[in-house]
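Listed next: structures, encoded as structure tokens.
Each of the two complexes below includes chain A, the first together with chain B, the second together with chain C.
After this line comes the complex of A and B, so read on.
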């Protein structure tokens, strides 16, 4: 049917709602939890706690937005937790030996770029599975951290300007929260307004078709891994700046296991591990939902072991719900038919 | 003849739109019953209901007089309804024999252990009986597409089904394999098996069908015996109007040379190929499998790396590196396999339309011109008369003909110099075909040089100003419109 001009705005609206259905439902869920929270805990809605929640969320949110790019093109990056560790270690080592905050940050950003480049190049030119490549780079980086530190923490005199990044406020907001919003703004514009974003999106949907229509698929793929590592680096700097010291592996504030939290957030937000789906807002909201629950559970007396279990259940429910409302009846039937396609009749 | 399968009052609704409306249809034992209609007429939906993939909103299905409900394709298969889907459904890492017996492997007595010896010998017997020349112990992935399709057909036959549904079975087959398929069909009919046959190729319907049912817009228009129709009346029933001419007239104004191919060679695929394409011309490329014709089109667009020899575009040497550089130089390419190599099926129409013209037309520096994107996409929907609920529609929700129009539209959003097309109307119904031809003509009239590779001979004869015939990697003949006939093309295309 030919489209009339007056359906134009309606079309744009449907386009918007259809595209952001998943994000809207997560936002609704977050609002719902917030609304019923006074019944459960009097502390949750207090200003201090909310700001603290946002700060806690910001580390995961930045990493999740980075992970979104890799998942979008049908890849995965298991090395971001290790990247955060390396960034933290190098930062503290440099700062305690007298390098300035600026030099240190420039240095770790370069390290982040190189990690992303290595992941991207191995996946693209080595024709290796992203899961395998990033598992290996994760293992190597974890090894480097343990060998260098001998498993012990590093501390010493760290410039105040560095610590401020993790602890200071801009207006009422903690610096990490402001940086999260800036990262969100940039990645959102990148995805929704630039040709690069469009190419990333369609490449995730069908690599061959994207190549045939003039995309440099290799470059796009490598760039996604670089973006992911870069955002992990930012997350790493913010994490270590809060504490002002570095402690390797498990005891450290959640760096190990960050990759799984980031993947979970992106997936809750509607990204699909087969690529070509999801949005930056989704990843942000996914991280926020995760943060809200992690914050709320201890307040209402859920113990941390049970908390893990409940979060797992929430992820699976969110993913199933996302699969429901974003796939049309046809696609669903296609899946249930064991991979047969619809025919052209 | 007694009725095997009967449909009573079948209706199906998708997203509020009725796609099948109260269909009553009976299939008799031992007949070949063809279902014809345009894309979106409801043929596929109907066979999916019969084979248990979809479930009807209303109506009943009777098999041998008993009402049946198939929850899954598997239960339909167990009841004796075997379906040969359009896309190949095989396990590439398994052998031909294993694929043929998938899910019903012979066992040692009643144990769960597969009797591999018997499996192999049974498969060999079957393959021989069907007159195929395939080694049953090769892995599926090592076979060419057409042989894989034949194995698929063998598998469908192996189910001892009382009803076999075939959806476009000849789509990827060469002449020899088609003959083998038709032998199988004869054999099935001798065993009183009912065949439900969907095809866009009218000549197959004419030579094979005992009865034909025409569907249009989800309604059953007519069921006719094979002496009750001719090509013209059948097409008129399908599209609901008289189709005056499948190949619309084009104003012939062939001008200067646009593309000049000189001594092009690519490994073992083709050698020393030279030809010109003029502005306003539609040049056909014909050839059997592995003739090199298809490799030439892919090579010129930059899909096969750097070839030997030279190609000139408007006098300047064409830099053949990859599709991206080719597009920048003014080359456009419509791939033969829209689903895997052309479209982004889970994305909306805008993303599918504008991707190739993103850099030049729809962006300012790196930023998208979103409003222009939507405006131009809407214009293209109007221009190509694409049936869609709106720009937000995902491509997977469109019918084959409309998907193909989107592919064509992608190359109409910018000015290109040469348009290379592979199988421009594969899996597209008569009505949409004629529309696509019309737009190809318009593009040629507007000054594009069009290269068209096709295995559909009538299409080449109907559309092309000249036809180049390839065989064994060499350019054998350049036939003018007057010289070209099915016979003259085949004469040059056959390897001697």
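After this line comes the complex of A and C, so read on.
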């Protein structure tokens, strides 16, 4: 009996390792980079820099986890960079004209909700491609930001309580990092322990099967877009709260903002644009790898343009690698694992 | 009786409405001078849109066009500043477009990467290359007039740009509708498996189409360099969006297999006239993405509604 249990645990362990191979390899890569970093730069491993790195990563990580949901159901959201901009602009405008922090946050969360809803409804009921819809909403929101601000930054007196969200520490960790961990915890539980998470997964791998098994496919898809926009909103609030002022992005037009980093992080983490693949941990680790590299490169004197080039190459390599090892073994494992889990409970 | 299809006539209706609207709004709109200007300034968009139309017809997407354009702009500006012969610049430009297009095509066909991700990657890489090439700022100096003449010149008092647009569209039309390659492009877009069964070399067709798109984008970059006279690394942002807008308005399907060169031309005219009208009426250029976005959305919605009506038998709920 004991032997049986032992082999059972061993099997589960092997299954687990195989299932999370991609995530583990990213983690190994991060550890490797961290280990060799003292050879390259003495500053990288300093406590201050590490906390700063975590803080910088948290904005991308939150957005990447949101992007993961949309990519999981086979969609894409190019509008999150613009959402972050709109959220930043609206919150600074409201705060400087005297609204309280709570009212402002409630307001921008509602805005995020509406953006996600519009994207989702257009994709599902409008029968449009996610790529077209979100490129359009991106372009409209970018336009709105530019017309409102005329490209100039907005600043003014912002309540202390709002700035604290971006600058305070809880224990030794900056607030954005703590919020990232909370978001990660919630999304992880959502994906691994709830019916909703299972439905997202099934909808991503096969819409017809999902529909036939009684899922409201449209609702699931809309909810993914809403989740993505909401997480982008959080990321946007944290970004402006750090500075306490809003600076519109100058590289408007084209997909050149946060959406690229978020897509890159999710894809490095194993998500596939055809849907049904990847994990929340993958998106988080992908963002962390991205953050480590963008923190380390300037320290070892890599020019920022060269850095962009390397990041582009990393994306291509990650996608090629994902295509190579995706030979459906992973899906089978996940399914069988899920099945055994259900039987055991 | 044949059923009336709004989506087929949509772009023409838009064009007519816009011209009527324009003639009411501005006195200078309905002049030969204004129209030749509209076409003269749409050369870059025309080149990229033709490439994008081909890519969309085979069911792909090319996000890298804006960055390829930027890279070839700075390279050709650098060469022109160094006094290199225009023919040599043209060859270098074509080589750049060919290389990036071939990389896109190979990534998509040989490594089975989604077109979206592959071209997103090359888009980032090429944009970074552009900035690395110039070191961040624009390349300025005195560019030879002979190089600037490629777009600013006139033949029989007609600007060169108009000839370029006409030649490109006629050529693309002939290739798509009169050659074997053109039929293969449609076949691949209609269904890869079927095309393969009928003996079409799907991978070769795809690679060729991405190469064409790359070369056209690079040529557009060279024209921009000649037009503005400097090598601006920030040029070409959002061009992929403009090209997609032109194609969608012109009735090219985003899911592949459908679209014509004539449609693309009408789409180009619609988008260029809107831009022209907004300029004539002094509307903030920042508002243009909003207008373009709304137009693409409305057109795409109308087309998808009709598609939906056609295949009622399929599962509608999903």
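Note that in this section the second predicted complex is superposed on the first by the 308 of 345 C-alpha atoms of A that agree within 3 Å, B and C clash if a C-alpha of one lies under 4 Å from a C-alpha of the other, contacts with A are read in each partner's own complex, and residues count from 1 in each chain.
Just so it is clear, a contact is a pair of C-beta atoms (placed from the backbone, for glycine too) under 8 Å apart; a residue touches a chain by one contact, two chains touch by 3 or more.
Everything quoted here is computed from the prediction, not taken from an experiment.
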| item | value |
| --- | --- |
| Which superposed partner A:211 touches (first chain B, second chain C, both, neither) | both |
| Which of chain B and chain C A:131 touches, first, second, both or neither | second |
| First (chain B), second (chain C), both or neither touched by A:102 | neither |
| Contacts of A:182 with chain B and chain C, given as first, second, both or neither | neither |
| First, second, both or neither for A:199, with chain B first and chain C second | first |
| Contacts of A:144 with chain B and chain C, given as first, second, both or neither | second |
| Chain B and chain C contact sites that coincide on chain A, given as residue numbers | 208, 211 |
| Residues of chain B defined as touching chain A within the complex | 14-15, 37, 39-45, 53-54, 72-73, 85-87, 89, 167-168, 198, 303, 322-324, 327-328, 333, 335, 339-348, 350-351, 355-356, 358-359, 362-363, 366-368, 370, 374, 378, 381-382, 385, 387-392, 394, 396-397, 399-401, 403, 410, 427-429 |
| Chain A residues touching chain B - in the complex, by the definition given at the top | 1-3, 7-8, 11-12, 14-15, 18-19, 193-199, 201-202, 205-206, 208-216, 276-277, 328-331, 333-334, 336-345 |
| Complex contact set, residues of chain C against chain A | 61, 63, 66, 107, 111-114, 116-118, 120-125, 127-129, 131-132, 136, 234, 236-241, 244, 248, 254-255, 284, 286-290, 292-294, 296-297, 300-301, 304-305, 307-308, 315, 317-318 |
| Interface residues, chain A side, partner chain C - complex | 76, 122, 126-129, 131-133, 135-137, 139-140, 142-144, 146-147, 150-151, 207-208, 211, 217-218, 251-256, 260, 263, 267, 272-274, 303, 305-309, 311-313, 315-316, 319-320, 323 |
